[in-house]
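What follows is a pair of complexes built around subunit A, which joins subunit B in one and subunit C in the other.
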Partner chain A sequence: MFPSSAKFTEWSDRQAPTLLILPTVLIILGLSIYPLLLSLYLALSRFKLVRGGYELKFVGLRNFKKLLFGSQQYHFLGTLGQISLLEWCLLACVVVAFAYWIWRYLCSGKAGIFGTLGRLITATVLTGLILLGLSVLNAKGFPGSLIVTLFYVFAGVSLQFLIGLGLALLCAQRIAGRNFFRLIFFIPLMVTPVGIAYAFRMLADVSKGPFAPLWQWFGYGDFAWAVDAWSARWVVLIGDSWQWIPFMFIVLLAALENQPGEQVEAAKMDGAGGWQIFRDISWPAIAPVAATVILIRLIEAFKIVDLPNILTNGGPGIATESMTLHAFIAWRTQDLGGSSAVGYMLLFVAVVTCVSFFNFIAQKTQEAGT
Partner chain B sequence: MKSSKSNSRLRRVAAVGTTSLCAVALAASTAFAAGKYDGVKVNIMTFTGPQIAEPLQRRAPEFKELTGAEINVVTVPFSDLYTKLLTDFATGTNSIDAAVFAPQWMVDYADPGYLEDLSGKVAADTDLKSDDIAGFFREFSQQYSGKTYMLTLDGDFHMAYYRSDILEAEGLSPPETWDDYLSIAKSLHGKDMNGDGEGDYGSCISKKRNAQAYWAILSIAGGFLQSKGTKQGAFFDTEDMSPLVNNEGFAAALDVYTESTKYGPPDEINLDVGDTRGLFTSGRCAMTIDWGDIGTLAIDPDNSKVIDKVGAVMLPGSRKVLDRETGKLADCDADLCPHAVNGVNRAPFAAFGGWSGGINASADQKTKDAAYDFFSYMSQPAQSNVDVTIGKTGFNPYRLSQFSDMDTWLKAGMSEKAAKNYLGAIGASLDSPNMMLDLRIPKNQNYQQVVLDTAIARLLAGEIDKAAAMAAIEEGWIELNEDLGVDEQLRLYKATLGQ
Partner chain C sequence: MTTPPSMSERSLFQRLFEPKDIKSLSPVRLVLTYALLTFWSFVVLFPLYWLLVTSFKLPIHVSDGPVYLPFIDFEPSTHAWSYIFFDLGNDTFRPYMNSLIIAFISTFLAVLFGSMAAYALTRITYRPKLGSIAVFIVMLAAAVYLTAAVGVAWQISLAVGAALFVLFLLTLAKRFKRALGNNDILFWIISQRILPPVVAVLPIYVMFQQFRLLDTHFALIVVYMAVNLPIVVWLMRDFFATIPIDLEESAELDGASRFRIFLTIVMPLAKPGLAATFLLVLILSWNEYLLALFLSTADAQTMPLLVAAQNATRGPQWWYMSVLIVIMILPVVAMTGLLQRFITRGLLIGAVKG
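For the complex of A and B:
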């Protein structure tokens, strides 16, 4: 009996990790993978409400075709304009840079199939996005929800990182009332995005808002930011930044406070200036955290929806529509197939961007930091 | 003391008498049995007001007092209303027992059988005074395929409003054509019209995307596109269902629409109807295009600075209209514009058709009965004739008695001259043989609220030019026609025009 019992105990010990992890795996499969697969099927179908329920008709890639080449191209990719010779030259430089990057990897002696494939995907997608950007951002073009989203992501995250880092550097100093400022800077993060959107709508109203006298004094009493595409996008971006700068600030502040104090003190004693200390001591110390916090914000920034929806309703025209808002508006008009297709395009762009950032920037920064 | 006692008795008698008379009058006017719907709760969905939801919420406690039914008004943004209802009905969720919505959406709800046929109830309902409801609303807005599915609570027509005092002072006449409209707007733009020392606007038209703005471009286009009477229609060619949105007539309407923006508030393309109404009643606009609401909002002493300073006219028109044979704009003549007056073709637009109540066929019988009785109560002259004179209700006149009985308007604070002018403009629109009907084919919400609205918003934002906007609308409408079946859509379109 004993040997058999011992065998069973041994067997159950071996199986315990699997059994313990199984409920979590099943929950994740149920809550994440199943909706993902279902929405993929939706993206390949046409949804129609009928009496007693709904009808799904398989239409293949029609919804994606509509977004990329059909009647919704203007909405997703944008209105394509003519690319100038200078822009073609710029694109050629980008292609050469990517080619050199891949060539260096292949010559490094560490090249593998997945690494090469990953670099090729990154280079192709980024070149495609730059080409699209050049085409829609010239005089005759007009950006669709894809480029607008990328604007919110890259311009927004850069701005948030720089201001967040600046505030963190300030609050890391031994100045009077720094705890008060830490709290004040952190407050916007605790406000719901819809609340921020409404607050910004009120603040940014040039004719009735609290800053109206100031606008009028500057001679902008008749200027309506909401009717100009770029000013509307910037207002959305500023609102988003106002909410997310505190996140950058608080994480970077924690990283700065954990940097080796002895090194800083020693550098000061050796007569190093502030910039030198930041470049040679602080930045290497906080770089891994900075890369991680940027990655988190990149993932989150792709999902921006509340601010453009409340602030501008996606307007003027479709100028401030992010991909998530694009998908939401399609869903609201019962175009569930089109909405899911936009969702999948968002997933693709976000995954390529974030995985590329993680593999080629964040991971290297972390390795350098450790 | 004696005298005091006698007075007190007299007061008691008078009070009892008055109360009894009121009770009798109330019972006679409603014929609702007290406690008939005790314990019944009716969920009614409409759009986030305050308009439309306000009178429903205000009258709900009165109705509960009368019948015991609890009316729960559920509100959603206008852009979500159509889909929320369709989803609730189609998926069998049936959390909504009744709704107040646009009658033009009725086709999508009635065809699959989601809406209760109210024909029998309406025929038997003497308190409703159906004959008093203007023919257009009774026979078009309330009905689909010969059956009554909705009860009208509001009469909707787009009209042009102007500041009568300003135009008079400047020696200008109300606009007859869209060219007149632009010329008046241009001449008054920048003039201080409310005495605050700041320049005001020549024209205020709601142009916000995803709101109720897209009806305005149709109001302008009507006069260019439809000239041979209501049956001609203004949306599609009745021969082959090709959209009438990519031609010289629609281009002329877009020119008027975009030029009017020059004489409007700087953020006009981001203004909803509530915003333009606020600007007009605060005296900041010389003219606007709107439903009947402006007339009653303008007499609200709490919020209006233009009491008795507002005039209304039927929508302006054009001396040139689309010749459908050539596809070009042509001067009006007796053949092309048989209904023109002074050479001007006008097509008053029954935009939206008036908020109306419909009942979910899947609700239980007692709830359906209570919902019907509530809508009937709201529509009966005793309630409706008061509600249409209050600006915040969003309800506009639709009963014949509301046009003929001046007393309610005078009591509401309108001068006789203003009341005659306001009701005259609605009446003239209602009686016009060239009235333009709103689109009522299946998925009309997608044609208008999605395709048309987006293209117009892009044009106003400068994303695309006029030609591209017309091409985008045409392409979108053709795509929808093909998705839904061109022949079937054509058959239904012609049916709605009475062809």
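For the complex of A and C:
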């Protein structure tokens, strides 16, 4: 029996709800969920090449222990230094602020078990990360891939947002050539990150790059940025920002163009200044969009790998290594368990950060906006 | 004695710093705005200019310190271009074709499947209880198949099975209270974007190795499609939500099937969203580096890998690299030119609704 085409049409119409969504669900289950679970198993085992194949031995949490307390601690968390008294005070302030935040939530009368738990997790993880940051960012300490990744994410996203917003505000004014600038500013988004890495390696060359005369004039003629940890990190950050500022810019500009023009003009009639107009009219109008682009960038920024890999090869030492690059290097040295463990730590930090941002900041702005 | 300026005669200060009327900018502000915008144009364009200029330089022009203007500072040479196009020949064209094939096919499929799912999530109410059961059965079958036929270790399939069962219980218990599950499905799909590729790529590598699919177009197409699906669903769902439902209802009364309505009515209306989404996903897959690094070595090598490889034995070959980067930008610029008028609108709708 071969189904006739009419029958097939009828069948497919009846099954349409399933057929429409099935490909997506299957692809995600097969290529996200299943690998994620397999990866968890890899993270809990040791991988060894044996004759004619490989062997996986279950070792429990040993891979994670190695990252957090063992031989790879310097690589992942960093070298821990001394925390000064002032920094302890700062940390105490953070803890008090989080405690107050949770206390206010509990007293608000809307507290639920998941909300409390979520806030506790956010507060604990963020405090832990700040503690770690303070203990590695001093003369004796040296940050590992976790703190470096967080630097790329937070410093990068803030920088990109601020410059993107500034450019969008400039371009949203009544000026000729707005579309021309919009087109020009969009270009960096299209360049492959690998290409950007090489371009910035050329540009940042102090002896043969285009700005060499400038460097020499300032007396930095033989300054090697690639040897200094922080200058290398900043070069990576600038390359990444060069690519992603356009994304912030173009979405924020669209949002600004969408805001009601009459309100702005009415405010100008009443003699409101530029800052007042921005604070009271423009910002509330674009805040939900701003929260969303920041969320999108947060999600993507955690995955940074091409730039540090090509620009600095993770160096000097491990100074510019992001967590993804760390996992890749572990994979290349046949340490599949360690690689998956780093991947899982990245997943954990990324999920906590993005979900916290979404629940506690992005949703607030959207509720306020509607 | 100074006299106060009359209403018609404005002082120099006022003429410079105050706008003529409410809709225009004061001259000082105008100059400042253009200065800043021009400066940023320079920031954006200079690295690209430098790439273009370097691609016409001889090695000696690079190693002897900077020269800026062709024909004035140095005599441009096409040696790098001829090396890339004629000496390397197939070694350039093969990765280029690979990149074109992989990026366009995976983007097309991701946009197609993603919009199907996004459309379904805006128009059809799912009872996820049934859905999760079906999913569970499919996954169990797959796990059993992998153990029995492919030979994955039993611990792995057991771990997968147990974890999926927990997942199943969680979803079932959750659905029990709620009648609507569409938002949960949507959140589940979008949240997959948070998953860093480096977590998933090792098992995918092992999986493809067992199916002997490593270093094929198929592997990269499927993986790129999977990582970009969440974005498509996210952007397109909000787009479909803005399309009025009346047209579809009247078509349904006329007896058109769901697929017909989707293809002939809904998709044409969603063109701006489709264009913007297509472009964004195309850029992401065209420039993707990490997954290609894991999953392809020679036959399916893509352009980002070829560019990265120019650093190999004799130190960075800046001139060859620059040629490759310049020719890599071209197709994306062409697509952007084609789809440009849709981009802003398409991106905004996704972002506003988030």
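Everything that follows uses one rule, which is that the second predicted complex is superposed on the first by the 344 of 370 C-alpha atoms of A that agree within 3 Å, B and C clash if a C-alpha of one lies under 4 Å from a C-alpha of the other, contacts with A are read in each partner's own complex, and residues count from 1 in each chain.
The definition used in the following text is that a residue touches a chain if its C-beta (ideal position, glycine included) is under 8 Å from a C-beta of that chain, and two chains touch if they have at least 3 such contacts.
Everything numeric in this text was worked out from a predicted model, so none of it was measured.
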Touching partner for A:23 - first (subunit B), second (subunit C), both, neither: second
Touched partner set for A:74, first subunit B, second subunit C, both or neither: first
Partner chain in contact with A:127 - subunit B first, subunit C second, else both or neither: neither
Comparison of subunit B and subunit C by subunit A residues contacted: C
Touching partner for A:231 - first (subunit B), second (subunit C), both, neither: neither
Which superposed partner A:259 touches (first subunit B, second subunit C, both, neither): neither
Subunit B versus subunit C as contact partner of A:207, first or second or both or neither: both
Contacts of A:138 with subunit B and subunit C, given as first, second, both or neither: neither
Residues of subunit A that lie at the interface with subunit B and also at the interface with subunit C: 207
For the subunit A and subunit C complex, residues of the former touching the latter: 9, 12-13, 16-18, 20-21, 23-42, 56, 58, 167, 170-171, 173-175, 181-196, 198-203, 207-213, 242, 246, 250-251, 253-255, 258, 265, 268-269, 288-289, 291-293, 295-296, 299, 302-303, 305-306, 310, 323-324, 327-328, 331, 336, 339-340, 342-344, 346-347, 350-351, 354, 362, 366
Subunit C to subunit A touching residues, read off their complex: 22-25, 30, 33-34, 36-37, 40-41, 43-48, 50-51, 54, 62-66, 68, 113-114, 116-117, 119-121, 124, 126, 131, 134-135, 138-139, 142, 153, 155-156, 159-160, 163-164, 167, 185, 189, 192-204, 206-207, 222-223, 225-227, 229-230, 233, 257-259, 262, 283, 286-287, 289-290, 293-294, 303-304, 307-308, 310-311, 316, 318, 321-322, 324-325, 328-329, 332-333, 336, 340, 343-345, 347-348, 351-352, 354
Contacting residues of subunit A [partner subunit B, same complex]: 49-54, 71, 74-75, 79, 142, 207, 222-224, 226-227, 229, 312-319, 329, 332-334
Residue numbers on subunit B that touch subunit A, as the complex places them: 79-80, 83, 86-87, 90-92, 112-114, 208-211, 265-270, 445-446, 449-450, 454, 457-464, 472, 475-476, 479
